[in-house]
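Here you go, one structure.
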Amino acid sequence: MLQINNICTNYGAIEALRGVNLDANDGEITCLLGPNGAGKSTLMMTIMGILSPREGTINFNGTSIVNASSGQIIDKGIALVPENRLVFPEMDVRDNLMAGAYSRLAKEKLECLADIDEMYRRFPKLKEREKQLAGTLSGGEQQMLAVARALMSKPKLLLMDEPSLGLAPLIVEEIFQIIRDLHSDGTSILLVEQNAHMALQVADRFCLLEQGRITFTGEPGQLEENELIKRAYLGSS
Amino acid sequence: MAADFIQNCLDGLMIGSAYSLLAIGFTLIFGVMRRLNLSYGPSIMLGAFLGTLVYLEFQAGNIVVALVTVLGAIAAGIYVERVCFWAIRRGAAAASMVSSFAVWMQLEEIVTVFFPERTYSFPSMIEAEPITFGPFFLAIENLIMFLSAVLLTVILHFCLYHTRFGLALRAVSENPRAAEFMGINISSIMFWAFVTASAFGGVAAYLIISTDGQVTPMFGIWATFKGLIAMMLGGMGSIPGAILGGLLLGIIETNSLWYLGVEYRDLAAYFVLFMFLVFRPGGIMGQVSVLREQAATRRV
Amino acid sequence: MIAFIALSAYLLLLVGEISFGQQAFFAISAYGSGMVTAIWSWPFWAGVLCGCILGGLSAALIALPTLRLRGLYFSIATLAFAEMVRLTFEIFRFQVEVDGEMVGPNGSDGFRNVRAVYEQNISPLDYMLIIYALLSLVLLGFIILERSRLGSIFRMVGEDPLLTEMQGLNATGYKLLAATMAGFIAGIGGALYVHLYTYVEPKIFDVMLGVHSLAYGLIGGLGTALGPLIGVAIDIGLLESIRITAGYRMIVFGGLVALLLIFRPRGILDETAVHWLRMRWRRLRNVRG
C-alpha cells in the first residue's frame, strides 16, 4: 500500500533520514520503533508532505506522493495523528473535528456533519465534551480527539506518532484498544511508538529505525524481545 | 457633571468603534503571523489617498471613493504581505517587523511624493444635524461609523465561526503545524488574512476620514498607533479584546481631552497602556492572551 | 549621534529584547544635561556626565517592571514609555531667569539656548573630535565586551534565557544591566546632541527615531557592534549620494532594507558572517606564521 524507497530528508542542516526503505501493507498495523532522534517524526512529516526529501520515492497505492502538498496527501487517503496530540486548544471539540475534515468540507459538508455524529457514537466521551475547549481536556481525551480528528478525513492509512506519549498506563490501554478496533474495521495503520512492549502486541510487522535508517524489518517474535527493547530505547552502538 | 461624562463616553464609543476596526485588523495579522505589521496604518492610508484622488480628479461619489479606499488598502496590504512576511522565513520575527517598518517608510514617502500638500479634502459622509436626546447629542457620522463597525464585526464573527475559511484561520492562529497536518495551506491563509485585515482597515480609514473631511500624510502613523494601542489594551491576539480595547481607548481619549486638555489626551492613552502592560499584560481579556503569546515567543 | 541610539538598541538586541524606546533616554539625557549647563551653569563635561547618568538611571527604573514582560509586550511597553516621555516634554515647562533671559524647557517649543559649548569656548572642530572620540570609546567598549565574559553572557541570555538560568546566572539581572548600560549610551548621544545644536525639541524623539535606530542594527548586522554603525552609514551615505532623487530616498532605502532582510534576516554582518571573517583572519595569520 505504502512504499517508501531510499528516502533522504534533511531537518534543518541535519541529515535526519539517510535512505529509509519501508513498506506498509493494506489492512495491517505496521509498527516503527526506534530511539529518540532516530528520525521517526521526520519520516512522518515527509510522508505527510510537510518536509520534502532530498532523494527517494514514496508510492501510495501506486501513485507517487513524494512532492505532493499535505492537502493533496490527505485527499489521497493518508491522515496523521501528530506527536503530542496537537489539538487546537481554543477550539471546541466539534470545531477540532471539523478541522480534521477540512479538505472534505468544500465538497461534502453534509457528509462531514454526519461523520461527526459517527465519531460521537464511537467515542461517547467526545460527545459529552462537545462544546468544551480542546485545551481543557485531559491527556487521554485529547488523544482520543486527535485520533477522531484524523479519522474525519476518511483515511485509508492512518499514521500515528507516539500515541501513548505522556499518558497514564490505564489510558494507554484504552488507546491501544482503539487501535485494535480501527484495525478490525479495516483501517491500515503505521504506528510510531516508543512503548515497544504495547506496540508489539498489536503489530503485524515492525521495523526498527536507527539513526535515519531502517535496520530491521520483521514480525513480532523474530527478534528477541530484550534485545529489541534495548535497541528501541537506546539504539545499538 | 455626570452628563458631561456620559456624553464623553458616548463620543468615545463612537470613535472607539473605528479604533476597534483598526485593532481587529492588527489582531488578524498578529494572530496568524505572530508578528506586528508596522505598515498597517500606512497601507490603509495609501488606500485613503487613492480615494481622495478619485474624488478630486474625477468628482467621484461617496460609494466609489469608499470602494477605492478599501481596494487601495488591500492592494497595499498585499504588497506588504508578500515582501515583509511571506518572503521572510518563519523564525525571523524581528526581520519581518523591521521590514514592515522599511515598507512603512516607503509607503509614506510614496504618498508625500505624489500628494505634496499638507492636507487634502475628502468627501464628507453625510451632511446632517446631530440627533439629540435628553442632554446628549450624537453626530450622525459618528453613529454611522459605529453601526458600520458593528456590522463588520458581526460579519467577521460569522465568517470566523461558520465558514471553512474562518475555521482554517482560527486553526492557523492556534497551531500552524497542526493546521498543516490537516491539509490547510498556511501561505494561502496568511494571504487571505492579510486581505481581510486590509479590508477592515480600509473601511475604518474611510469612516474616520470622511467624518473628519480631510486626510493628511500623518494618518498612517496615527492609525498604526491607535490600532496597536487598542489591540494591546484589549489583549493581544484576541478579537473580542480588540473590540473592547478600541472602545476603551475611545473613552479614555474623549474623557482625558475633556477633563485635562488636548496635550494630555495621547499621554493618558499611553499611560493607561503602560499600566496595563506592567500589571495586566493580557489586557482586558487577561490570561487568555498571555497563554497564547507563550506559544509564540521566538528568538529575535 | 544617532549612532549612539543605534548602539544602545543593539545592546538590548544582544540580550534578546527589541526596544522601540531608546530615544526616550536620549531625550532625558538631552534635557537633563541641557538644564544643568544652561540653567545652573555647570561645566560642559559635568553636564554630559549628568545626562548620561540620568539616562542610565531612568533606563534601570523602567527596566525593573518591564523586563518581566515577554518579548513583544516588552517592546510595546518601551514604545509606550518613549511616547510618554516625548509627550511629557511637550508639556513640561521649567524656565528660570538667567542673565536676564528666560532659559529652560518650554513645552513643545523645545529647549533653546543651550549655549554651554560656546560659553565655555569649545570650538566646533573640538566638538566634532569629542563626538568621534566618545563614539570610538563606546565602540572600544563594545569590542572589549564582545571578548569578555560579560559579552558572552549577554549573548547567551539573548539566545536562550532558560539555558542561562540553568547555568546559575540570573538572566533578568543581566538584562537589567544591559538596559542600564544601553540607557547610558543613548544618554551620551542625547547630551552631545543638545549641546551641539544648542536646542532640542520633543518632536525629534518620536517613534521614528527609535525604530530607525533598531533598524540600523538589524540592517548592518547583529554580529558585531560595527553593524549598527554600518546601518547608519548606509542611510547617511544614501542621503548624500542620491541628492537628485532626494525625495525618493526613503523609497529606495526602504526597498533596499526590505530586500536585504529577505536574504539576510540578521543583517549584513550577522553572526555567521562575523564568524567566517574571523576564521579567515585567523587562517591568514597562521599562514604568515
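The chains carry the letters A, B and C, assigned in the order they are written, with residues numbered from 1 in each.
Everything that follows uses one rule, which is that a contact is a pair of C-beta atoms (placed from the backbone, for glycine too) under 8 Å apart; a residue touches a chain by one contact, two chains touch by 3 or more.
Note that the structure is a prediction, hence the values are computed from the model and not measured.
Engineer: Across all chain pairs, which one has the most C-beta contacts?
Structural biologist: So the chains sharing the most C-beta contacts are B-C.
Engineer: Quick check for you: compute each chain's CA centroid and the global CA centroid, then name the chain with the smallest gap between them.
Structural biologist: B
Engineer: Hey, how far is the Cα centre of subunit A from the one of subunit B, in Å?
Structural biologist: Chain centroid spacing, subunit A to subunit B, equals 41 Å.
Engineer: For subunit B and subunit C, what's the span in angstrom between their mean Cα positions?
Structural biologist: Taking the mean C-alpha position of each chain, the two centres sit 30 Å apart.
Engineer: So how far apart, in whole Å, are subunit A and subunit C when each is placed at the average of its C-alpha atoms?
Structural biologist: 52
Engineer: Mind listing the subunit C positions that touch subunit B in their complex?
Structural biologist: Checking each residue of subunit C against subunit B gives 13, 16-18, 65-66, 69-73, 76-77, 80-81, 83-84, 87-88, 90-91, 158-159, 207-208, 211, 214-215, 218-219, 222, 247-251, 253-258, 261-262, 265-266.
Engineer: Provide the residue numbers of subunit A that touch subunit B in the complex, in ascending order.
Structural biologist: Residues in contact with subunit B: 48, 50, 69-71, 73-75, 80, 82, 86-91, 95, 98-100, 102-103, 105-106, 149, 153.
Engineer: Using the touch rule from the top, collect the residues of subunit B that touch subunit C in their complex.
Structural biologist: Touch residues, subunit B against subunit C: 36, 38, 83-84, 87-89, 92, 94-99, 101-106, 108-110, 112-113, 221, 225, 228-229, 232, 236, 263-264, 266-267, 270-271, 273-274, 277-278, 281, 290, 293-294, 297-300.
Engineer: Quick one: which bits of subunit B touch subunit A in the complex? Just the residue numbers, please.
Structural biologist: 164, 167-168, 170-171, 174-175, 177-185, 288, 292
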